[in-house]
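Below you'll find the structures, each written out as C-alpha cells.
Paired with chain B in one complex and with chain C in the other, chain A is shared by the two complexes that follow.
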Partner chain A sequence: MFRLLTDPTDEFVRITIDGVDVSARKGEPVAAVLLRTAPFTARTTTVTGAPRAPYCLMGACFDCMAIVDGVASQRTCMIAVCEGMRVVRQQGKRTQTP
Partner chain B sequence: MTVVTSRDAETIIIGGGLVGTAIAYGLARQGCKPLVLDGGDRDIRAARANFGIIWVQGKGPGMPAYQRLTRRSSDLWPDFARDLREFTGIGLDYRCTGGLSFCLGADEFSARSAVVQRMSEEFGEATYDTEMIERSVVERLLPDLRLGQDVVGAVHCGRDGEVNPLRLLHALQTAITTLGGSVLGDENVTSIVPRTGSFIVTTATCTYHTPKLILAAGNGTRELAQQVGLDIPIRPQRGQLLVTERMAPIFPLPTVPLRQTAEGSILIGSTQEEVGFDTGTNTAGAGRMAERACRILPALENVNIVRHWAGLRVMTPDGHPIYAQSPTFPGAFCTICHSGVTLAAAHALEIAAALMGDVLPDHLKPFHPDRFHVSAAN
Partner chain C sequence: MMTCDVLIVGAGPAGMAAAMRLRKAQIDVIVVDDARAPGGQVWRAAEQSADSMASVLGADYRAGREAIGRFRASGARYLAETEVWRLDDGWRAFTKHRGALDRIDAKAVVLATGALERPVPFPGWTLPGVMTVGGAQTLLKGARQIPQDGVWIAGAGPLVLLYITQLRAFGGRIAGWLNTAPSSNLWAALRHWPAMFRNAPDLAKGMAWRAQLALSDVPIIDVCDVAAEGDGRLETIRYTTTRGKMHRVDASLLLVHEGVVPNIHATVALGCAHRWSSQQQCFVPQLDAFGMTSRDDLYAVGDGGGILGARAAGLTGELAALGILARMDRSSAKDRERESAVLRARLERETAFRCFLDALFLPRRAVLVPDDDTIVCRCEEVTARSIRQAAHVRGSGPNQIKAFTRAGMGPCQGRQCGLVISQIAGSESGKDMDSVGYLNIRPPLKPITVGEIARAAKLESP
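Up next is the complex of A and B:
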C-alpha cells in the first residue's frame, strides 16, 4: 500500500508493533509506520470495534490512536519514532492499564 | 413587523428544563394539557452542569422534610423510569445501584461521619439508609477499580443511582407532546401580569392567558416570581465538569466525584463557585478536580480529557428546594431546586398532582420561602 521513500542521510531504528520487530526511520511519525505495516490499522473503535487507520495525519481525527510506550490513546501521527519504541494497536475502549 | 397573537392555556409552565418538564409530564398524565414555555438554546441552563445522579445521601441537613422528599423520589424512580421508557421508547440508562462519596484521609472521613450522624438523628427513624464504609468495603463494591492509597472509606447510600440526564429531558419532552401538551422553545417570557383569577403571560410573539402558572425557570425564576408577588432568593452557583474519553466499564455504581456513563466516558465533578452568571471555565478549577480524581483513581493520570465545561446550579440560601404558591395571586406557583434529576420522579408523580389542587399539601409546607425571612429565625 504505502512504501517508505528513503534518503541516504536517513537513520533507521528498531521499534515493535504488537511485539513484532519493525524498522522505521528515526523521527518519522509513528502513524506512518502503521500505514505501511499490515494490517495497516491503528486501533478498533470504542463503540462497534470497527478497525481504524491513520487518516488526517495532523492530529485532528483521532483515528490513529494507539498505545505508545505504555500510554494509551496516543495520536500516533503526532509522535516521532525513536529507538526501542513499543507500539500496541488499541482494541476498543482503553482500560486502567496502561 | 412581528404579529403578536393571543392564546389561552389550561396551565402554563415557564421553564423547559428538568423541573418544568417533569411537572408538565405529571400534569399531562393527569389529563391536563400543559403548555411549557422554554427559553432559547443559548440561555443559561442548570441542566448543562448536570452530573446525572439520583442522589439521596447528604441531601437535607437541617431539614428532615427534604430528607423525606428525596427518599420518596428515589423510591418512585424505578416506576417513573419504566413508564417513561415504555411510553416514549427512550431508554434512560437508569440504574439504582447505591452510590458512594469518597473520603480521602482520616479527617475527611471523620468530618463526613459527623454529618451522617447528625442527619440520621434529624431524620429520627430507627433505620437509616446512609452509612460510612471502610476502604475494604469500598474495594468490594468497586472490585475492578485500582483505588489510590489516600482513599480511606466512603459515604454509602443504597438509594443513590444514576441516569442519562439528556435522555431524561428528551423523554420528558416527548411524553408531554404525545400526551397532548406542548413544549415551545425560544419562547422567553418578558412579563407576567396577574388579573383576577388569571395571568397574562407575554413573549415576543404571543400573549397567553392562563388560570394556572408554574414558575420553573431555574436561575431566571427570581425576576418572574416578583411579578406574581413571590420573593424567591436564589443565586447561581457554578459547577465546572470534566469528561474523559471512553473507557472499559470499571464503575458498577456512581460516585462523587466520578461517574462512568453507559457509553464509557468518566465524568469528573465538580466545582462549587460563587461567580454570578459567569459560565466560564478555568484551569485552576480543572486542576483541582483532576488532582482529586487522580488521588482516587491514579490510572486516570494518562487518560485524555475530551471536554471541560461549566453550568450554573440554582441555589437557595439553605440549599433546599422551594415550593410555594403566591399569597397575593393564587394560581401562581413556584418550584425551585438544584436537584432536578433526583426529584424528577417526585415532581412528575406526586408534586404535579399537588399543584393541580388549590393548596399545597402539608408535607410541602416546610419548603415555603417564608423560612428565609428574618422573623422565621425567631
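Up next is the complex of A and C:
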C-alpha cells in the first residue's frame, strides 16, 4: 500500500510479523511496516472481528494496536522497530498471553 | 521522582516556545513528549531529516529545525517518548517512558497537546485502506514513505493542499481529489475579505498550492457525498458530485481530512471549563489572556487551546510563559505589558486570518452529524442510528449515550467519536452545544497495564 523513499545511508533491521521475516528501516514506527506488508492490517476488532489498519498514525485512534514482543494492545504507530522485534497482528479481544 | 517549577506536556511549537521563554527567566522547566524527538506533528522528524528531504517539505518545515535547535539549547529538561497518564491537583504528573514509571511535581502545568484531525465519519471509514491525510503526512515526514500507487484524497483544508503538493514533489501520484468543501463556503469566506489579507504570505502560499493543482493533471471533483466500499478492505470509492451524479471508482487507498480540532482530552479530564466554538465546530477550553484555564496554574497553549496554526501556537506558548512569570512574581507588570502587547498584536493577525480559513473549509453537515448507517465509534462499532436512539431517551446527554451504547468506551476513549456524539445529541435535542457538553474523561489518559498501575502506587506518597 505504501513504499519507502530510500537513501543510500539507510540502515535496516529484521523484524517478524506473524512469524514472517520482514525488513524495516531502523527507527521507523511499526505501523509503517504494517502498511507495507500484506494484508496491510494491524488487528481485528473486539466486537465484530472486522480487520483494521493504522488510521491516524499519531497515537489517537488505537486502530493500529498489535502484540509487540509479547505485550498486547500496543499502538504500533508509537513504537519504533528494533532488531528481532516480534509483531503479531491482534485478533479480537486482547488476552493475557498471545 | 522529579520536581520542577513548570511542567510542559508536548514539545511542538507551543510547548517549545513556552519552555524557551521560561528558560530565559531561569525557570526550572521539564518538557515531556510522546514522540522520539521534539517538533510535534508539524515539525515531526525535522531535526533528523536529510537536507534533501527537508527542502522538498518546504520552508515552514525547515524553520522547525532552527526552533528545535534553540529549544535543545534552552536548558529545559526534555523527556522523549514520555506520556502523562494521570495528572493530580497540586500538580503531580504520573508519567510512563516505555515501561518505566515516574512522577513529576510542578508548580504550574502547561498543556501543549496540540490538535487531532477532526473525526470524519462516513460509510466505510473503518475499512483498511482508508486513513487520514495527516497520518499519510506523518508517514512521509517520520517514516519517509509514500503511497505505492495513485492515491485518492477526499476532504478539504490547508493540509490537503499541502500534502498533495508535498507528495507530488516526492514523485507520488494522486488518482483524484474529491473536494468536499461545500461551494457555499467560498461566499461565506469572502465575507471575511478584509481578514483574508491580514496574513498575505499564507494566503499567497495557499493560492499557489491551489493554482499549481488546478494546472496539474490531478482530477479535482466537487462532491457532496463519499463512501468507501469493500470486503474487509477498501476496493471501491462511491461518490456523488455536486451536480448529483453518482460514480464508482476502484481504489486501494483513500486519504480523508476535514480539518483539525483541539485535543481536549486532558483539559476535560481535569475539569476545566470549555465552550463551544461554532466557528470551528468544536469545544475549546476557556482561557484567560495568558492561556490559563479555569483551573489555577494550569495552562492550555497552541492548537489545544483553539485551532490557530503553528505560528500562533508559538505566540500563545510565550504568552503563557509571561502569565506564569507574573504569578511567580518573576516579572514586572510594565515589562509584561510591553512584551504581551507585541505578542497579542501578532496573534490578532493570525486569529483574523483563521476566520477566513474556518469559513472556507467548514466541513459538510454529513461529517458533523452523520447518517444512521455510519459507524461513529470506531472502537465499539456503534452506528449513528444507535447513538440517535439513545439520544431520544429523556434527559440523555453524551455520557448517558455512552452508557447506553458503549460509544466512547473503547481503547481510544472517545478521541475519535466524542465530538460526533455531542453533535448528534445536540441536533436531536435542539439544545445549544454548551448545554449538551462533552463526554466525561477520566484517567488513565494513556494506555497502561494493570501491573503498571500497581507499581505506580509506590509513587503516590508523599
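To be clear about the criterion, the second predicted complex is superposed on the first by the 97 of 98 C-alpha atoms of A that agree within 3 Å, B and C clash if a C-alpha of one lies under 4 Å from a C-alpha of the other, contacts with A are read in each partner's own complex, and residues count from 1 in each chain.
Here, contacts are C-beta pairs under 8 Å (C-beta built on N, C-alpha and C of every residue); 3 or more make two chains touch, one makes a residue touch a chain.
None of the values given here were measured: they were computed from a predicted structure.
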Partner chain(s) touched by A:Val13 [first = chain B, second = chain C, both, neither]: neither
First, second, both or neither for A:Val22, with chain B first and chain C second: neither
Contacts of A:Lys93 with chain B and chain C, given as first, second, both or neither: first
Partner chain in contact with A:Arg3 - chain B first, chain C second, else both or neither: second
Touching partner for A:Ser73 - first (chain B), second (chain C), both, neither: both
Chain B versus chain C as contact partner of A:Gly59, first or second or both or neither: second
Partner, of chain C and chain B, that touches more residues belonging to chain A: C
Chain C-contacting residues of chain A that also contact chain B: 46-47, 71, 73
Contact set on chain A toward chain B in their complex: 46-47, 71-73, 92-98
Residue ranges of chain B in contact with chain A within the complex: 144-146, 245-248, 250, 263-264, 297, 299, 302-304
Chain C-facing residues of chain A, complex: 1-7, 25, 27-29, 32, 35-36, 39-41, 45-48, 50-63, 65, 71, 73, 75, 77-78, 80
Contacting residues of chain C [partner chain A, same complex]: 34, 36, 41, 50, 53, 116-117, 126, 128-132, 134-136, 138-139, 142-148, 170, 232-233, 252-253, 263, 378-381, 410-412, 415-416, 447, 449
